[in-house]
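Here's the structure we're looking at; comments come further down.
Think of it as A, B and C in the order they're written, each chain with its own count starting at 1.
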Amino acid sequence: MRGASGLEGQQTTAKRVQFSSPFLPYLFLAPQLAIIFVFFYWPSVQAIQSSFYLEDPFGFGATFVGMSNYTDVLKSTEYLGIARFTAIFTALVTFFALSIGLLLAVKADGVIRGNATYKTLLIWVYAIAPPVAGLIGMMFFNQHIGPVVELARWFGWDMKVGLDYSDTAFAMIVVSVWKQIPYNFIFFLSGLQGIPVSVREAAALDCRSEFRRFWTVILPLLAPTAFFLLIINVTYALFDTFGVIDVMVKDKAANNPITLVYKVYMDGFRGSDLGGSSAQSVILMLVVLVLTVFQFRFIERRVHYS
Amino acid sequence: MAAIDITEVSKIYYGGVEAVKSVSIDIADGEFIVLVGPSGCGKSTLLRMVAGLETISKGSVTIGARLINDVDPAERDIAMVFQNYALYPHMTVYDNFAYGLRNRKTPKAEIDARVAEAARMLEIEPYLDRKPRALSGGQRQRVAMGRAIVRKPAAFLFDEPLSNLDAKLRVSMRGEIKRLQKRLGTTSLYVTHDQLEAMTLADRLVVLNGGMIEQIGRPLEVYHAPASTFVASFIGSPAMNLVKGVLEGGRLHIGTHAIDLGYPTPAEGPVTVGLRAEDLRPAAFGEQALAFRVDYVEELGAQRLVHGTVDQPLTASLPPEAPLADQLAIAIPTNRLHFFSAENGKRLYRPTPADGSTNAVTGVATVAAPAGRHAVNLEPIA
Amino acid sequence: MHRTRFFDHVILLIGVFIMVAPVVVAFMTSTHEAADIHRNGLSLTWGGHFAETYEAVLTREGGFTGKVTGFNMMLNSMILGLGFAVGKIVLSMLAAYAIVYFRFPLATFFFWVIFTTLLLPLEVRILPSYEVMNALKLTNTYTGLIVPLLASATGTFYFRQFFKSVPDELLEAARIDGAGPFKFFIDVLVPLSRTMMAAIFIIMFVYGWNQYLWPTLMTTDEGFFTLVRGIKQILLVWVGSNIPDYNEAFALAILAMLPPVMIVVIFQRWFIKGLTESDK
């Protein structure tokens, strides 16, 4: 979704020689601009606008209510609970998806034999859609046939995914992490392979312990990749896991954990609370904006120091 | 084929930076002109203005008497060879040659004939069906040349075409470019930062510095009578020694040494003195000499470069059989000294019988003597 | 040295097992009969009912309306994936071409107008987007399914980066060779971008095929359901019954992942290039 890797800061200047034409550039830009205006700017402005209005349930217009949609949302214990869950969920998914992806990438980078096969087998899950991953996950956590539930029972854990709040949360996190490992693996691996052999050799001459070498030389060099992935993973956990969650809660959101995006969807499409849902949308927009600004500032720093 | 007139051309970038400052060069039909200077001296910008890739801020450029300031690059009847060759990577060598001709609606039969001729000339006939990526660096360079040749343009523009080649290939391609240009007789404008390339290729070379012309002249004219300390230090390898000295009553003082010149000096007071390394030689007994303390020696085979100090750093190019010691007596051929103004670095010409005044010349060199091996001092000596 | 390599392989094999096993199990189980699965749980062995299950899933009319087939949904997925990928490439190449290769007064302004879209994913503005689609009467149309997804700068960003990496001299040589804006684009830039186009096509096809939230909102008519969009329906309708048709649910899941997985595996090199160089 957002651009960040190596190419970013390279150059901001345009070509030395450019065409100049009074209408051609506009002609080429027109299709993209038209779509962006209709499907990006118009809805975004609408979201902000309707977050200040209370929609009449029978469709007879709307009343301006100022910030009250926001205060309602932020005062609601339900919303705050969901926000708390979203934060925990995001933190756990990001942490596990990143560390497992890094671990596998480091190992795959180290072995020579079977390198290509490992790579293929570890990345292909990227192509599976989140709800499809959710469906397979549901089967594995199924009350009757799920092997994970059986395994848990063996340890005395009576797992009731779909009924028990924390059990469902557990399953959601497992599936979401599973789905995201390949993405992190790909980026960490290409980051590792981008470290010059000469640097590794220099490190090998300077430091005997492989583990120390990893911490003091390889990991700092991977930091830009890791930071980029951190942002991507947070975005993934916040938004792209919608499919996983939607399949796993099966329309019974009452005693199941959901994330903020799912709440927007629920209130807007099920509850028909347009104003409240819009206010939530705007809050999410702010969260994303903060993330992006954070990311761009970091990139700027990286450009200066690299 | 055409003459190119560059008249008082300037390039002023947005924000006021002046990359080229009122440059004038008259290029005769069929002449090979090399623009040479350090990076950032404006040589590429000047070439690109002639090509039409940069707009001309001030002044005018004519090719074959046609004013081309506002003419599209494609209509200027020029062809250009780029430093990175800029071959179309997805096209075969043949298509690379033919692309410009096709865009000009040249008949197919003629395209075939011209491509075949250029390929034969450059000896790349076997590679016409290959893509650039399948060629070696030297072959790519030839393709870039060929693309220019097939167009049969009024002028060739070269933008450092050899700097991506290794040293050996550069020497052989240099010869080839010279040979081709002579054979085709096409007016050429060639940009390089390599003074050796400039010396060997040019009919006349134009030394640029900071957007201005330091000197225009035939290679040996420039070599033997550099118009400024900049040209003196840029043209020739090793670079000309430049030391501080004082002229006083027909004698030159360098540090504690004083040398009788035996001819009227162009000025009195502090000057910068230029000495070519190869003009220095071990002094014979009793000859007036400089005491030279040797720091280190570079053996080049045919000669040896001796680096040291005569209270200022100096390099002498001595024959390999010359004896070495920590301290050498170096003779100065007084009639091969160059004098430059201590203030602005311009050459101080020796007084001529006609006017007797010093004249620091910029731009077009006024020197017109034949540049033979022995006619070293171009200024007529009184 | 040997020891560490051995443990590296152990860790990698565990990783591979975790990534691969669930899908293998899903596939194997889909070849068993529903009652069999209900009795014995998931399976790692071949069940022998591959043909009939997959034929049923693909051709039997089902869903709430009793009219939609798996084949039908697959076709819709294909239309969404291809339409999105092709649309993205065409739009973003044109826009990037204008931004990189033309000098015009509003260039910086339009650059920011386009790149601001990178800031906000579709998910944070679903409701108003839906309202706009309603107003334009585009719900339950392929246009409504595909076009709004194109309203982001990801592809434009990517092609801009690529165009900027194309040597300046190529345009200069082409201009001296007499090529205008159209000729340069068609004769030089498009052929040069072929690898990049392939890479971006793969990424975008997978992205489009896997869309879930937007199709869920836009399509209520089952005739427009994609496979991924239909997943939840599968769970609700089939798994909700007495002896749930686990086999068919798994079969549909396998079908829903098959085309993108195939593309990623076969064109792995381009896929990784596209992914790591374009950041999705």
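Quick notes on this one:
We take it that a residue touches a chain if its C-beta (ideal position, glycine included) is under 8 Å from a C-beta of that chain, and two chains touch if they have at least 3 such contacts.
These are the chains along with the protein names UniProt gives them: B = sn-glycerol-3-phosphate ABC transporter ATP-binding protein UgpC; C = sn-glycerol-3-phosphate transport system permease protein UgpE.
Bear in mind the structure is a predicted one, so any value in this text is a computation, not a measurement.
Shared contact partners of chain A and chain B, listed by label: C.
Distance from the centre of chain A peaks at B, each centre being the average of the chain's Cα atoms.
Distance between chain B and chain C, defined via averaged C-alpha coordinates, is recorded as 58 Å. Distance between chain centres (mean CA atoms), chain A to chain C: 16 Å.
Across the assembly, chain B contributes 53 as residues in contact with two or more other chains.
For chain A, the set of residues that touch two or more other chains comprises 16-17. Among the residues of chain C, those touching two or more other chains are numbered 172, 175.
For chain A in complex with chain C, the touching residues are 1-5, 7-8, 10-11, 14-21, 24-26, 28-29, 31-33, 35-36, 38-40, 42-44, 46-47, 50, 100, 103-104, 107-108, 110-111, 114, 118-132, 134-140, 144-147, 150, 178, 181-183, 186-187, 190, 210, 228, 232, 235, 239-240, 242-243, 246-247, 250-251, 261, 264-265, 268-269, 274, 277-278, 281, 284-285, 288-289, 292. Chain C meets chain A in the complex at residues 4-5, 8-9, 11-12, 15-16, 18-20, 22-23, 25-26, 29, 37-38, 41-42, 90-92, 94-95, 97-104, 107, 110, 113-114, 117-121, 123-132, 136, 147-148, 150-154, 156-158, 161, 164-165, 168, 171-172, 175, 180-181, 184, 206, 209-213, 216-217, 228, 231-232, 234-236, 246, 249-250, 253, 256-257, 260-261, 263-265, 268, 272, 275-280.
Note for the complex: chain C touches chain B at residues 167, 169-170, 172-179, 183, 187-188, 191-192, 194.
If you check the complex, the residues on chain B that touch chain C are 51-53, 72-74, 76, 78-80, 82-91, 99-100, 103-104, 147.
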